[in-house]
Amino acid sequence: MTLAFDIFTAFAVAAGALFFLAGTIGLLRFPDPLTRLHALTKVDNLGLGFIVVGLLPRADGVLGALKLVSIWLIVQLSGAIVTQLLAITVRQHGPRG
Amino acid sequence: MNDATLFGLCGAALVGFGLYGLITNPEPLRKILAFNLLGSGVFLVFGVISRRAAAAGLGGDPVPQAMVITAIVVAFAATAMAIALVLRLFEATGRATLGSDGPADKGNA
Amino acid sequence: MSASSVFDICLAVLLLGIGAWTIIVDNAFAAVIGFVVYGLSLAIAWVRLSAVDVALTEAAIGGGMTGMLMLGAVARLRLARVDGAGTRWSVRLVAAPLCALIAASLATPLLFPPPVIPSLAPTVTQNLVPTGLGNPVAGVLFVFRSLDTLLEKVVLLLALLGIWSLAPDGAWGGQPGLRVYAQPNSTLTFLAQLLPPIGIVVAIYMCWVGAKDPGGAFQGGTVLAAMWLLVIIAGLENVPSIGQPWLRALLVFGPLLFLVIGLAGLVLANAFLAYPPGYAKPMIVAVEVALTLSIGVVLGLLAAGPPELARRQ
Amino acid sequence: MDSFLFSAASFVLTTIALGLIVIIQRPADVDHMMAAQLLGTGGAAILVLLAVASKSSAIVDVALLLALFAAFAAVAFVRGAIKSTTKTPTVANGR
């Protein structure tokens, strides 16, 4: 059972790390700020999401697991809104923001 | 060399960077920023000393840690005060530098 | 080399890189954003140094609040004339080795530590048991060195008085001129409605957990201040005039309660700021709750700056 | 397992650091702010990894604050960007 959990953790954390890599590459390669913001949100939800899911079996009890999930939710919500705010800034003032 | 020493050396280098910025940058806001960098370097060195004194099952000596917490809060208060002064200088004179060229800034520097 | 050492080396390189970049970059706005990034990374370094309490403070104050202050200032100073060219090369040439020398002299004692490293950790753990606290840092802050903590609150109030005293005569007692988001924007409004409830829960949690685990009044108060500022920036609330009686009452409430309990110690426990045996923990928690509120208001007002608008009738 | 988690944290940190180095050389301020957001999210991920790897659940609280204050800093940035450009109309309308 422990082994199954470990394999699960390893896979999910690795997937999350890959999304961090993908998001960063997107941030570097995409041509304009709006598409770069898109890459940034992938890091917020999938990168951190996979890492949190992977760590859940090793969390410190149910409360610890809840705390991990709530961090992801906070990042998710605030990240989505902040990204939109940055996008509005770009729209209004051009890419030089 | 252990890991704590690594951060200590990092802190020492940051003190150097901060001091350099404080001396060479003409804008007061950048000077404030450099001073904050210098301060955080000092805190980091102090934190490493606290980490070394780990004993009694604690990860570090709690006395320096408590002092660093106090110091961070006081540094914030000082930064807020300094920034308010710079903004007031800008409002009063329309400039944000403390250069010695020109009669306008007499008494402000 | 273990995986944790690799991590530490990466982190140290990152810190040095951003630190150097904030100093050398031309654009002041970029330098300030670099400083925010630096503050957030420094929090991770403090975690690696087993100083979680400091990491919490650094993430909240070093990254968030100082960054917000500086971003506001740099936006205002964009119109400032930067007269006088940069510093002369001769000054730079003299300054660089001098700074390197100071850095090296700080590094030397770290590389060659004394054979016996003095530590107060055993004393703290021994004396922590009677207080009923579980967090040694909170013990140091509120029991062993409580005078420092009390005076630090006074320093915060003095800094606030200093900032207020920069107000033009006509604006004394008026509202701080904190810049708000210019156009009413539903996205920011939504964030300012969504985040503060979460932030208030986090602040209460920080304050509550501080007796046992890392956390405490500073961290909780900073979160409160940030949420307050967020609501103001989004335009949902006005900045209060600094003459408001409730505002002034909140400002001094925490330090005053601390002082009263300290003076009560003279009668009940024979020393200033001493706690009567058995009652230490409830008293400290009461002081922490009061301080969290006061710190929240003080930090928020420090970030809001001096009054600029005349008092509303 | 713990050293795997540390390696994952190092990987995320290296990725972000390399990203930061490139992003901060760009001219636009909004790109710099994206870098700060990336570090806010990545820092939270690194900290939860560290918390589990070193079995100290208090570190999770640092991740919580990091996430909150990264969002707060972004709001402060947006405010600054709007204000300064409304005062200098020449910069506006870059669409």
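Note that the chains take the letters A, B, C and D in the order they are written out, and that residue 1 is the start of every chain.
By our rule, a residue touches a chain if its C-beta (ideal position, glycine included) is under 8 Å from a C-beta of that chain, and two chains touch if they have at least 3 such contacts.
Owing to the predicted nature of the structure, the values given are computational and were not obtained by experimental measurement.
Ranked by C-beta contact pairs, the top interface belongs to chains B-C. Among the remaining chains, A is positioned farthest from chain B, on the basis of C-alpha centroids.
Chain C and chain D have Cα centroids lying 19 Å from one another.
Averaged C-alpha coordinates put the centre of chain A at 32 Å from the centre of chain B. Rounded to a whole number, the gap between the C-alpha centres of chain A and chain C is 27 angstrom. The set of chain A residues touching two or more other chains comprises 74, 78, 81-82, 85, 88. Multi-chain contact residues of chain C (touching two or more other chains): 4, 48, 65, 74, 76, 188, 191, 195, 198. Of all residues in chain B, none touches 2 or more other chains. Here the chains touching each other pair up as A-C, A-D, B-C, C-D. Those residues of chain A that touch chain D in the complex are listed here as 6, 9-10, 13-14, 16-17, 20-21, 23-24, 27-28, 33, 36-37, 40, 43-44, 47-48, 51-52, 55, 58-60, 64, 67-68, 70-71, 74-75, 78-79, 81-83, 85-86, 88-97.
By the touch criterion given at the top, residues 74, 77-78, 81-82, 84-85, 88 of chain A touch chain C in their complex.
Interface residues of chain D, counted against chain A in their complex, comprise 1, 4-5, 8, 11-12, 15-16, 18-19, 22-23, 27-31, 33-35, 37-38, 40-42, 44-45, 48-49, 52, 57, 60, 63-64, 67-68, 70-71, 74-75, 78, 81-82, 85, 91-95.
Touching chain D in their complex are the following residues of chain C: 2-4, 6-7, 10-11, 13-14, 17-18, 21, 25, 27, 29-30, 33-34, 36-37, 40-41, 43-44, 47-48, 52, 55-56, 59-60, 63-65, 67-68, 71-72, 74-76, 78-79, 179-183, 188, 191, 195, 198-199, 202, 206, 209, 213-215, 219, 223, 226, 229-230, 233-234. Against chain C, the residues of chain B that register as touching in their complex are 1, 3-21, 23-27, 29-30, 32-34, 36-37, 40-41, 43-45, 47-63, 65-70, 72-74, 76-81, 83-88, 90, 94-97, 99-102.
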